[in-house]
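All chains are identified by letter, namely A, B, C, D and E, in their written order; residue positions are counted from 1 within each chain.
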Amino acid sequence: IGSPGGGGGSGPDGLVVIGYPESGIQLFRDYYSQSDGSEQILVPDGLRDGAMPGQVGNDMANVTGTAPAAGGPNQEAFNTLFQDEYGAAPGVFTSQSYDSVALLILANAAAGENSGAALKEQMRRIANPGGDEYGPENFVEAVEAAANGDDINFQGASSATNFDQNGDPASAAYAIWEFAGTDSSSTNTLETQSFEGSNPDGAGPSADSGPGGSDREISVGILLPETGDLASTGAPMIQAAQLPAMQVNDANPAGLTVNAQIEDTQTSPDAGVAAAQSLVSAGVPGVCGTASSGVNVPVSQQAFIPNEVVGCSPSSTALSVTNLDDNDYIFRTAPSDRLQGRVMAQVMSERLEASSVATLYVNNDYGQQLSERFTQVFQDSFDGEVYSQTAFNIGESSYSSVIETALSGPDN
Amino acid sequence: MSETESGPEADEFDSEAEIDATSSPDVSVEYPLQVDGLRKTFGGITAVDDATFQVENGTLTGLIGPNGAGKSTTFNLITGMIKPDAGTVTFNGDDITGMEPHAIANQGLVRTFQIARELEDMTVLENMMLAPKNQRGEKLWRSVTPGVRNGVIEQEEELLDRVWEVLEFFEIDHIAEEYAGNLSGGQRKLLEMARALLTDPDMLLLDEPFAGVNPSLEKRLLTHIHELREQGYTFLLVEHDMDLIMENCEHVIVLHQGRVLTEGTPEDIKSNEEVIEAYLGGNV
Amino acid sequence: MGIAETYSRGRRLAVDRPGALLLAVVGVLLLGDLLVGLATGQTTFSGVGSLVWDGLMRGLVIGLAGIGLSMTYSILNFANFAHGDYITAGAFSGWATTYVIAGLGRADIGALMLVGAGGSVFGGTLGIGVTGTPVAVLGGLVVAGAFAIVLSLGVDRFVFRPIRDEDGITLLITSIGVAFALRYMMQFVFGSGVRGTTAQPPALSVYFVDGAIRINMHDLTLAVVAGGLMLGVHLLLQRTKLGKAMRAMADNEDLARVTGIPTERVVRSVWIIGGGLTGVAGYMFVLWKGTLGFNDGWLLLLLIFAAVILGGIGSIYGAITGGLVIGLTASLSVLWIPSAFARAAAFLVMIVILLVKPSGLFSGRSTA
Amino acid sequence: MSSDATAATESTPDVEGAELLRVRGLDAGYGDLQILTDVDMDVYDGEYVTIVGPNGAGKSTLMKSVFGLTNHMGGTVTFEGEDITGLRPEDIIHEGVGYVPQNDNIFATLTVQENLEMGAYILDEVPQDALDVVFERFPILEERKQQKAGTMSGGQQQMLAMGRALMLDPSLLLLDEPSAGLAPDLVEEMFDKIDEINEAGTAVLMVEQNAKEALRRCDRGYVLANGENRYVDTGTALLNDEQVRRDFLGG
Amino acid sequence: MSVRENLADRMPGGDAGLIVAVLLVTYAAYVLVGVGLGYSLRGQLNTIAVLTFYIGVFAMLALALNLHWGYTGLFNIGIVGFMAIGIYVMALVSKPLYEAGGAAQVGGLGLPLIVGIVAGMAAAALLGLVVALPALRLRADYLAIVTIAMSEIIRFSLLSNDLQRFQLFGNRVGFGGGSGLILDFTDPLQAFFQAFGLWNAYLGVVDAFTVVVPNNPKPVVDGLVYGFVLLCFVAGYFWLLKRTGESPFGRVLKAIREDEDVANSLGKDTNQFKIKSFMLGCALMGLAGILWLMTQGAVTPNFFRPRITFFVWIALIIGGAGSNTGSVLGGAVFAAVLYQGPRYFKNLVDTVLPSTSAPSGFGPAIAPLISNLNPAPMFFYTIDSIRQLQLVIMGLVLIWLMHNRPEGMLGYRKETAAGIPLTAAHARRTAADGGEVDDAAPATDAATEGGDDDE
């Protein structure tokens, strides 16, 4: 397989790069100016941004990606919706954001009151199988049905949105994708792999019925990064998160309106907690957020769980979220990185046929855990060798030296 | 405002001595300050070159010399502001060469600056209160610990009384609450000297204390200095005003190109050929 | 005799300057480690070469941007924390120009003027680069310099001049205010996303002992522009009275005024030269690294401070040398320590040098 | 005392010549703090005028005010008939006024030579003859040409400051305590030099604490106290005035 | 000058009264906004708790900074570094021992919270010593750059993988690298009340609160109580600093700020004083960092960006360096108006105006303004971007302050550096001397006036 790039003959066959577009642009630019692009590069969801090749100024043909598939039958419907409203292709985690808010609205409609304690009981009832199936394109009808107390099963844009015991997605699908070139702003999905847990229909406590109710205002919070490290990822997520509210407010099903309050985490735990507190003060029963696990954990612990507010993160994939002692208030529509790490190892080994790999990961919860999980599976199950795992910090003006490290021979 | 003569007695200062580690001037040493072979060069310029002299106890000794003779540098060397290249400074029998300025000041050797340096954003009173040595409250824990602080307060009261005495002595009590930054040049010189005195030194080094001081004020200042000298303080004085030196000093040291050219009584100096040539310029 | 002298000199050094000696020992150890690495093939020559080249490039950017900071620091006597945002502002103005020239008719003018905010236009798609769109790059470069000049003069007029008589710390604090206002204003206008600004520049591989070092056109452009400007400033300050007037002002502003030096004019010249270089540095920085974000200048600022202090405030040679030292340190440090510490290493070098030689490497040889 | 002052300003000087500097009703200070109140002062062409007064009287403030360095609060300053109130120092220099401040009067980090060159900054070229004249007057400056001015002794610095102000051959020279800190021979020499300069046609306005000597040599003297004019007369007259002697000259 | 000073003078209770009054006004304003936002009582109380929290931390930090800058003239812009060391060391000491399978990646030493807090403060003070020993000889602006560089070095070190986890006394501990640390020790309030055996009583009080806040009142009460605890700490800082300032120790600090050589030549070992002052301030910053983050559940290194340091500076400058009262007020005003204010302002505007979706960027916002003079999109974009503009506003406020009120909102404050009021002694003496009073009094007045005008 491909000869190593700039740094002599001992480099790895493949690279795993885990990060966000924010610093990914610089990282890949530096990579392409240092290497002839002969390494196989694998990236996860965080870097799935169709604009990357344009921003990097390279078609990035040697990059393959994995991502929680917006595998739901309703991916296309959501894409259209987003495209129509904003005139742009949806970005990373947008479908998860949409689903998160949609579920919170549905649960709220079913609960008939703006109360977190009531909301959490309804989450699985409207999301997991049992009842009529709805998706983004007929979301308004779903709300109406929920308000009428009907049993519904929301099929999301990102997945079937069935919650397991932990409030995580019960099943997940992963897409293998590649960039579509410098002029495109989307990515091409090559293949989708499904991982169904032992219980794909989900499990966990749930109310038997929903009282429902009409002619009321549903309150929902959106707590995502508008500024800070994840600002660029956050912006389209917020847009997507606003869509369900707009849909309801335009159609007014059963006299319902949605009041969506947006707060900014600034990608910082502290600001995130403060923002969450402001949502709590406003009496919001359920919040779509937060984006990164580093913020999600403190926000859940400090604001959501004690104040009995349902948190449903669209993109915090770290393992630590699963382990929270959450009294069943914390959900997410993005699958845990346990799965993605596995998928990545498999793709790296079987599809890209690389046996020696180095990882470059963004220095936070997400990057670190995914890199470790990948390494573990790649070495244990696929007999691969990981030369080095190198962390990089967000916001550097040059990544030449980390790339140099990653491209050099095995660590010793 | 003009009655001057009621300066405090020496023992008035001493009565506060319990708060000071060292007390009144030590009479036992005949020559408290001894400078031996002092040398300092800056780049190519030798500012002080093998200077050797001593200052007798209880005298007002003048240190004169042309501009650039090395007087200020000598002061800086003695007081530890700069470190000598060679030579020793002995004070009250202790070798103080190369010690930190604050340590030297604590030994009882205190200086004033040629260009008066006041703590401008502090009032005259605060300036003065700063000076006394070994104040209890300079230990942080004493100042903040309830109970222990009472001792600090007590001492502050005592110090304040003493500060007022000295301020009155120098006739600057009317500006006691003024910010030092608002004082005129002459008032600053007075404050500087008063403050130095409060550290309860054995010996004072005065660098041109009268430069820029109005003649009437100069006269009064000199009266103070003489009074203090009679109380046993020793002074080393840098000054260019020859009349002043002649009239007031018991002993004069002449520095020239960093060396001691000669020394002696004012009369000796005045008639010394070398001095006339190097310094006085023939018109005395 | 010779040996004895060397020995005694060495001993004196050890006594007088233990810090310097320690530094020397550490330096030797690091060098030894590197040589062992090279000898055993752990480290490749070409790898080290690449790092050196990368460090040089960073150093040039830092040095170029540092000249302006150093000049204002010594003459106006304050550390301008807004300097980093002048860099960003210069870069944005310049790149907006480049985008407009390169993309006119091919994309929406608004998107071009906002430098492709939100991913609306890509520099790569427009084929921007020294070879691809030389006119656009040149235009951008000029506008970047000009805009930074206007900006720094404007800020000086309304912010710094009214309080010029205050002490340096007052001005420093004020400049932090300017930095905040500028930076987040740029975020407000241009958005917070990082954008790629250039197409991949043509590159050549230079063979070096055991591998290749890749050098691209933008590296070379940076080297030429930075070198040229540094030479230009040098000549300007040597050949005109301005250099001396600047030093006189840095020394004693009141007296300079009394002496008849038109201080306001000198200050203006300083802002013009410093601002211009800063804007150009910002533009070149972005051309070289290929991305642009509203935080770029601020993130660079501490390194620039390190460089300026390292070199001795007020000395343009100091700023350049300091820049190179800092750039090389940040880049080469990965040979010994984890890359996460690269920036930390640069700061550490600054602190250490400050302690060993508080007035900087080139102290006393200020400006010109 | 106010009558004294009024009388004073009306008295004509002995020196022939046009009026060079004319200060009328000057109020000035720092920030909001007023130091000078209604000060009048004249210097005629080629005249030698001395200002004496206690510390803090506002002598230096007056000098600075003439040079546009204080907060102007009222009154006018004219030079050669032209109103220079509120002009910038660099313009005043162009008018032909030189100024040696009391403190901080050299560029400490520049060499002696460079300090002198700065004195002629407003000219296109450093006038070599002026430089030679200065070196002739103060030989130590030539010796120490390359030394950093800040490392010179106090007296040497004073000479350098004088030298710098002379580089432009001004028609009025403001000197703030030129003899402070000088050795006796140099004091004498300095006064001689000032006489020389004055005789060569430069008018001198000088502040001095060495009051007797200064008054002895000058054409006219002003006594300033508390920011106000107190006395003005010829130097010798002031020296002989009992009141002045007692209050301001230390008997 | 006079209006504000008189305000402080006329305020019953003097400075303390002024502080209380400002706090009350702030709370009243927030309650009003809360009413506008339609908050429930629970929401109102929660808002007050959050507000109090930020007032508390910023006031503490401003006070600690006042010791460095206002008292000693040490220009420290590495505040976050000391905060970081404080909380990280505290976490290392007090986090429970590592257990596999929990959310936390690493454990701590499992020692009581109070031990951790003391250790955190000590570590911050020690770091202060390490920075101070060499750096205090440097010029103020150099010290600034050294301290900010140091705070960045600390952040990078905490980010690094090498310190992510390590063994200490056989325990798996660490700083968590870029993922940060989960602060899984006992809830500090709980630990506090348990220490006094009052936990059940506290829970009783919480229960009683159901009258006001019907369901789940605990987080609200917790927040309020913690806010109150913070205010007590502020009072403690204030008291400590006031005593420090009004003492011979403080007098030497003041002298150092003015001219170190003079203090030195008067026999004061200035380095000693500076180091002590610096270390004390650092310990206080460490404690403030601990109190800020201890209840936040997690901490990541990137929290400690220099920005927070600048926030504290802005707070101090609003209040006026050198004055403790000013520091507290500055902290309060900063927290209420500049830090938390914009969020509430935006929410208020959102409530008042019909919810219109704002343009996604500056381009779409400005285009209608240019093409058909429609300012609405620009307006909504501005409101929507208030969090970014907040920092612009802070910058402008800082500039305005430095231009117009460099001495802070209280105006120039004379805080005497002595254990006793120096004026009183004067009055005492002149009174005792009898006839002199007339003579001295006008002089004194003139002097004081001059002092106030100056600057």
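The criterion applied here is as follows: a contact is a pair of C-beta atoms (placed from the backbone, for glycine too) under 8 Å apart; a residue touches a chain by one contact, two chains touch by 3 or more.
To keep track of the chains, here are their UniProt names: B = Probable branched-chain amino acid transport ATP-binding protein LivG; C = Amino acid/amide ABC transporter membrane protein 1, HAAT family; D = Amino acid/amide ABC transporter ATP-binding protein 2, HAAT family; E = Branched-chain amino acid transport system permease protein.
This structure is a prediction, so every number in the text was calculated from the model and none was measured.
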So the chain most remote from chain D by C-alpha centre is A
Max Cα-centre separation from chain B goes to chain A
Note: chain E sits from chain B at a C-alpha centroid distance in Å of 44
Rounded to the nearest Å, the gap separating the Cα centres of chain B and chain D is 31
For the pair chain A and chain B, the C-alpha centroid-to-centroid distance in angstrom is 76
Dist(centroid_CA(chain D), centroid_CA(chain E)) in Å evaluates to 52
Expected list for chain D, residues touching two or more other chains, is none
Chain E residues touching 2+ other chains are 156, 159-161, 360, 388, 450, 454
Chain E partner, complex, touching residues on chain B are 1, 79, 81, 100-103, 105-106, 110-111, 113, 117-123, 125-126, 129-131, 133, 135-140, 143-144, 149, 152-153, 156-157, 160-161, 164, 173-179, 181-182, 195-196, 199
Chain A contacts chain E in the complex at 86, 117, 226-227, 229, 235, 239, 242, 246, 249, 259-261, 263-264, 266, 268-270, 273-275, 277-278, 280-283, 293-294, 297-298, 300-302, 306-308, 318, 320, 323-325, 362-365, 367-369, 391, 393-394
Interface with chain B, chain E side, in the complex: residues 240, 243-244, 247-252, 254-255, 257-259, 261-270, 273, 276, 280, 416-420, 422-423, 425-426, 429, 439-440, 443-444, 447-448, 450-451, 454
The residues of chain C that touch chain A in their complex are 42, 44, 46-47, 50-51, 54, 58, 118-119, 122-125, 187, 192-196, 198-201, 203, 210-214, 216, 285, 289-291, 293, 295-296, 299-300, 330-331, 333-334, 339-340, 342-343
In the complex, chain C touches chain E at residues 78-79, 110-111, 114, 117-118, 120, 159, 162-163, 166, 168-170, 172-174, 176-185, 187-192, 302, 305-306, 309, 338, 340-341, 343-344, 347-348, 350-351, 354-355, 358
